[in-house]
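Okay, got some structures for you below.
One chain, chain A, appears in both complexes that follow, with chain B as partner in the first and chain C in the second.
Take a look at the complex of A and B:
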């Protein structure tokens, strides 16, 4: 019997125990302090929410079908913005990905490349959209550029990680057969990474559909423009239709995308 | 002809891969290197095509010291010296033909190869070599659809398509079952005899070494401790190379199949 009993767990030192208690207390303290600091009139907030809900929610659920034509057109523009932006990004990210992959370049250039890609990614789409509206005017092209630049950062980093995870034995085999660097790239590296590159690009398209539906809020084209006008005019029936359209499109594209990606890898 | 003259290799972490190795391999020989894992077999073989670089001595391939080769010279050497690996090292997502044609990369210009514009003779050569190892029917299959033995045969076809003067095989059968191992060794042996390609194989199975080699080189701790024709090798020789008595798992078995 004794053999089946696990040996006792090593005892935690008193110092560790105290540390855990202090951290727990500190976290609780921060939460309490934060919630006490919120200046909110709960009774009034609840009252307003209840009123507006009664007012707005039923309208959201009875969409204004007369706007269907315009909504359809704008949702199509949203998809186009996302597609063009993702396409640009998925191509731009290839050289950047190779640059940032440590097994292709070296440790220093690789780290520098990843650093640049992260910096690039840290601008939210909306900020980029505002910048590009200044540059190219308030139209869909500004949205495309915003999406493209933001996505390049993420795709470049993912591409670099894919390249770093390839089977280097194949590269060694090609080196051993006298192939030069360019040949190794085309015959040993690219066939290994293409399916995953595609898969990530499609996944990014999924994300960009969602991103491009809000770009219109700052005037960079797409369905977002309609959202901002509908809410300013308190036209909740139209808003209902817009939201419905976004939900349907995003769901369909997510489904298609995940099906394609399952086939690819 | 390959000649090791006082070759030594110390890895950056201080391990001695090769110690004062002096070996001469004549053209057309079929040499098997035996030894326990870590004895320096791989280091020995990989020195010849400079996948590793010895730190002292001279290594002559066709009377040329290859230890100083760089860039173009190094690629020319590697085009002349083909290699077969334990894990086949095929591009799993590419088809068999494309994998075999990769053997031509050292011969074909960069631009042509990238655009897949191999000369007709090269494609014919690749197909012939697939027929030689009896796997021509898998021409358009993806490499990852093949079994281990089939993949190793494809990698033999790849190395043949390279038309090398020397073939190095680093534990080519370690991942295969006994019957398949014998099949692969038989192909290597046949190629050595008909094409007169000098072949150097790493093995740790004693019975296979005895069955296929002309000459056996035994290594222990980076040193060559035995070098002679198969006829001079006895069980005692292996016990000396391995530094212990011979065990069941030093044998592959299945020679009759």
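Take a look at the complex of A and C:
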């Protein structure tokens, strides 16, 4: 008679139930706080969009080709910023990565190093760019520095993880056959990590192209400078061309970079 | 004669073939040349060049310290708005992602053109930086939090739909088929077969995008899209560096705390 009855559902422990209740309450709390706190002026937003829609959206889709020369120049500057910044970071990150790898240094230094690297990553690029603009003036070099410092954090952490995953047997075998530290580094460790290091650096270049295209908004060079001027002058045709240029360049660089990375690893 | 043979034999063979060596050298030279050119290009815009810039940095950093902590109660409110913007944007994006990611999953959307159109439009969407979206929406809707939230939604939609679409593509279809064969209806198949397989990943991706949105919303104010960036922009325009430093430190602390919590939850989920 009982044959058709389903097996009983697995019982949840009291601890798990309490945990679920606490999580639910916390999520509800966050939403209540959010919707009570946020203040959106709907009437004004709707009024503005009704007035502006016809002025802006069609213009975005009919780019102003007369600005093509300037846009091209600025896109090149953007690529230069990203390239210089990424290369600087990918070199700076190598020693930091080794310092933060637990199998190279000890456990404590490794954890501390990783912690510092992720803390570095938490500074948004634009905030770093603002700091560097104050220091070196509003130009592309401030952007390079911002990109370099921000990327070092992420690359260092990824490098450290790569170094931690290497095959230590090779290192041990070299040690046993009498290789010194420098030889172990050059013939045992580096050949194992180089492909992945390069792959991560190229991946970071993809991210940095996007990042450097907005640096100009705070004055740190690149196409962002044109974005902010176009929006101030309400020159939406030019904005359309800038958008198109960004989309095309980012897509091409993504494609090239993913092809290189597939070959590397 | 004998000696010559001996030395020839003890010579270690090259680790890499000659062709690879030449290739690597050329690539290295190109990368180096491009680096030197870009560095030269960017440094040439600075007044006084590289050395002067670096020595200037020390002086400027002194101006930022000590941070003026007395403004903390005032800047807490825009900081809260920033977090709230990220919460709303992430929630809306997460809800919109579900249908979109199903459309961009090869195993669910069997109509090929529809699949390709969704994929391509999502790829294009992802190439536009969030701040550029914010600039356009500020032009459309005026200064305020609404354009910021909209920019965050569209930006995170691109990332989430791609990540979640890939998860849906990797789903094990066998349990679903078995359920269908034993007579479950569509809703039952989705609820008992599909949801348990993708829910942990989905939650993890949403939290990950929330982290990205927090970092993005912090700077949205710089273009007038609401949040703490607006306050920071104002303080910087007044050259009020100690106040700006307090804001930067607060941003730093909030981002780190939220990232820490979110990473811990994500680790527990998967």
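Everything below uses one rule, namely that the second predicted complex is superposed on the first by the 217 of 265 C-alpha atoms of A that agree within 3 Å, B and C clash if a C-alpha of one lies under 4 Å from a C-alpha of the other, contacts with A are read in each partner's own complex, and residues count from 1 in each chain.
Here is the rule we use: contacts are C-beta pairs under 8 Å (C-beta built on N, C-alpha and C of every residue); 3 or more make two chains touch, one makes a residue touch a chain.
Keep in mind it's a predicted model, so treat the numbers as computed, not measured.
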A:246 touches, of chain B and chain C: first, second, both or neither? second
Contacts of A:116 with chain B and chain C, given as first, second, both or neither: neither
Contacts of A:137 with chain B and chain C, given as first, second, both or neither: second
Contacts of A:217 with chain B and chain C, given as first, second, both or neither: second
First, second, both or neither for A:179, with chain B first and chain C second: first
Residues of chain A touched, compared between chain B and chain C (which is higher): C
Touched partner set for A:80, first chain B, second chain C, both or neither: second
Which superposed partner A:60 touches (first chain B, second chain C, both, neither): second
Residues of chain A defined as touching chain C within the complex: 30-31, 33-35, 37-42, 44-45, 48-49, 52-53, 56-57, 60, 77, 79-81, 83-84, 87, 118-119, 122-124, 126-127, 130-132, 134-137, 139-141, 143-144, 210-211, 213-214, 217-218, 221, 224, 227-228, 231, 234, 236, 239, 242-243, 246-247, 250-251, 254
Chain A residues touching chain B - in the complex, by the definition given at the top: 167, 169-170, 172-180, 182-183, 186-188, 191-192, 194-195
Contact footprint of chain A on chain B as seen in their complex: 49, 51, 75-83, 85, 87, 89-94, 98, 102-103, 105-107, 110, 113-114, 155, 158-159, 162
Residues of chain C that touch chain A when the two form their complex: 31, 34-35, 37-39, 41-43, 45-47, 50, 53, 56-57, 60-61, 63-64, 80-81, 83-85, 87-88, 91, 123-124, 127-129, 131-132, 135-136, 138-142, 144-147, 149, 215-216, 218-219, 222-223, 232, 236, 241, 244, 248, 251-252, 255-256, 259
